[in-house]
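Both complexes shown next keep subunit A, but they swap its partner, so subunit B is in the first and subunit C is in the second.
== the complex of A and B ==
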């Protein structure tokens, strides 16, 4: 599994006649097993990028290759794309519609060609993965569930196709801390099983702790990319533009003012803890 | 992301933008009456000239101003054909079974199609140069006398205003839901009619649920901010009609009168 994005641009015409450049010349490539974070200020083109990656919009120019095939090329099988790339939008719980949880989760398999037993097995697996007891919940109306349960059912409806690429737009916004951690751990498991994860988030801690690579967008341009730690360190040194910073980085900066911890090396709370341990056990800068 | 739909307000400072919404609404009614009452082709020519002048005065691009017509041209063609081929006229040009092409039918078809086109453009000019909230406020203001006979004009005005304001939000949400369901494998673009109709279910249910959720949230928010049913709300500012508004009304009234009093 590989994704290659070449000079991707997307613009649209507003009713005022003004052309808006949502993305400009974005290029990157991802290999199997990638866990990538996409960050940037509001309006930087993050959502547009993932919609293009999922084949939901057609780029103004540029190409997206999945396993070497141009997804916007002639003759590309859109159904195959839907089974390969799963996308979880913001507030996915608002997309539920079927009379029962089972039917809603199975919706994505409608055109998959799987036999009914396999569909049931997939639905059972997806619901179990999201922490549900299949037999208890299958006949319930998805609209009658609690907010957190609705979200988990909606995500089960996306992972049921076992996508090789899973794209998520702010999936942890609005989740309580334990729900957030459980969900991020689930993403790690999916990733370890070989799924490419693309996570769009404003949550710096989640990006720092879970992703291995970062793409930073600003005004539709890819302004930085690379291993997560390196990107966070570079972002902290930026004097203009988007300035993503983790909580640990902010604390380290404060501590540096007191002569404790070296801020440049700290990105996550684990880094901070080890830096403080080093200071307190006398192995620091002195 | 979505480009705004036809008829959506376009900010501007043109003569039409600056006119009071009440005056524009009244002018629209007068000109619509003038269109419907046009006695002859000359009558239509007069309204067409007025519409052309209004497009110039609106400062809108011609494409935007006449955009609604582009969406209904097939409908207009059908209207014209139905009238031209089935109108019971005397001046028969061609006849085959129950179908007969008459000069009177062709004229009648033209009149109906012209009525639709001109009314659509006039309505579009109003909505593209007037904020939806201003239209709603103008409606509430113009219907105020009905409050004396028990019609809840304030509430109706508020309902219209809220409904209008939610249209772009719901359209945007509909597009996002459509995209999400497409990603899950929904086939909205299917050419098979039955498949296409059933495929709308994943779109319709979430939109309705969302609309009800938003309505409930808005009702609670309005209540929390002090909105009460059947209390006369104070206006932040009172805007009397300006000279330009009266002039526009007078011109439109004259055009309307001319259509009704000039003989064919």
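== the complex of A and C ==
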């Protein structure tokens, strides 16, 4: 599994006749096993980028290759794309529609050719993965659940097809902290099982703790990309434009005032904890 | 606001979304409501302006009995609400038209509307050129501030933020939090539901909900530094609190459990100067 994006641009005409460049000349490539974060301010092109990757929009120029095949090329099988790439939109709970949770989650398997027993097993797996007790929830109406529960049911409806690439647009906004951690751990498991994960998020801690690679968008342009830790360190040094930092980075900078060594190397909570252990037990001085 | 024995059950035959909830919120207080998904946070605040009608118990908001049908519109005007997604709260495509919409609905005299719109925009620090802007050209934080301005134009005394920062980028979140505190200082009662525990640190009172019941309420320090309580509510304490306990486990003892980043830095620097 690989994804290659070359000089991708997308623009559209506004009702005023003005042309808006949502994405300009974006290039990157992802290999099997990638866990990628996409960050940038609201309106920087993140959602446009993932809509293009999922084949929901056609680029104005540039190419997207999945496993070497141009997904917008003539003769490309769009059905294959739908089976390969799963996308969880912002607030996916708005897509719930079936009378019961079980039917809603199973909908994605309708044309999969799986036999009913397999469908049930998959639905059970997807719901359990999202932290539900299948027997308790299967007959409930999805519309009667709380906001966070609806979100988890909607995501179960996407992962039930076991896509090879899973794209998520701000999936953890509105989830409580334990729901957030469970969900991110689940993404890690999917990733370890070989799924490429593309996670769009404003949550700096989530991006720092879970992704291995970051893409930073600003005004439709890819302004930085690379291993997560390196990108966070560079972002911290930026003086203009989008500024993302983790709580641990912010605290480490302030602690430099009382002599914390190498504050710039601290990105995650775990970094901060181990730096402080070293400093405060005198372990770093031996 | 004073409520007793509030219970609520959605008509899906499920269990109680709220059970035996009592609350007391003073005028001008900043109250943060914390709790996991499905804990009843949204159900609770929707009672305050009668978006949900009281089924059991008693609730009075600014001396208005929320059961009183005749007072509902006055109650809703008094008690404004901002939701998670600003895009769902707009009814118009242009900033000033959107803010004027609520005023027109409440039959505010036409000639008063422009001044009310301007003053609402000033309160969210978006005066000076934003009146004619198309909403879709604004950033997330700006959109949420316009949604808030639409609420403020009705001159509410109480403003409820139902996860109003959840969808925003860090900059946008900071913008909205800053305005919340500004409104609080101006005397408004602020009720904020949030999943960012850091946003609750500066509140006067925290109400901690779990599975439809109030688990605890009190000062942020008492609630957020109580690791067992936070665990029981299925929440994660703020970073300085977590760090305090994790360091303790490693044999490093800060002089007290810090709640804010300032306190953490102070405690670490103090300990370090002794080594």
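Throughout what follows, the second predicted complex is superposed on the first by the 279 of 286 C-alpha atoms of A that agree within 3 Å, B and C clash if a C-alpha of one lies under 4 Å from a C-alpha of the other, contacts with A are read in each partner's own complex, and residues count from 1 in each chain.
One rule holds in what follows: contacts are C-beta pairs under 8 Å (C-beta built on N, C-alpha and C of every residue); 3 or more make two chains touch, one makes a residue touch a chain.
In this text the structure is predicted, and so the values were computed from the model without any measurement.
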Inset, instruction - Could you say whether A:192 touches subunit B, subunit C, both of them, or neither, answering first, second, both or neither? - result: neither
Inset, instruction - Classify the contacts of A:27 with the two partner chains as first (subunit B alone), second (subunit C alone), both, or neither. - result: neither
Inset, instruction - Pick one for A:12: touches subunit B only (first), subunit C only (second), both, or neither. - result: first
Inset, instruction - State whether A:67 touches subunit B only (first), subunit C only (second), both chains, or neither. - result: neither
Legend entry - Which superposed partner A:82 touches (first subunit B, second subunit C, both, neither): first
Legend entry - More subunit A residues in contact - subunit B or subunit C: C
Inset, instruction - Classify the contacts of A:281 with the two partner chains as first (subunit B alone), second (subunit C alone), both, or neither. - result: second
Inset, instruction - Tell me which partner A:157 touches in the superposition: subunit B (first), subunit C (second), both or neither. - result: first
Inset, instruction - Pick one for A:48: touches subunit B only (first), subunit C only (second), both, or neither. - result: first
Inset, instruction - Kindly list the residues of subunit A that each of subunit B and subunit C touches, one partner per complex. - result: 143
Inset, instruction - Could you please specify the touching residues of subunit B with respect to subunit A in the complex? - result: 1, 3-5, 8, 10-11, 61, 64, 173, 176-177, 179-187, 201-206, 209-210
Legend entry - Parts of subunit A lying in touch with subunit C, wherever the complex brings them together: 40-43, 90-91, 140-141, 143-149, 151, 170, 173-181, 202, 204, 243-245, 247-248, 250-251, 254-255, 257-260, 269, 272-273, 276-277, 279-282
Legend entry - subunit C residues touching subunit A - in the complex, by the definition given at the top: 10, 12, 14, 17, 35-39, 42, 84-85, 139-141, 143, 163, 166-173, 195, 197-198, 234-236, 239-240, 242-243, 246-247, 250-252, 261, 264-265, 268-269, 271-273, 275
Legend entry - In the complex with subunit B, residue positions of subunit A that touch it: 12-17, 22, 48, 51, 54, 56, 79, 82-83, 85-87, 89, 92, 94-98, 107-112, 143, 157-158, 161
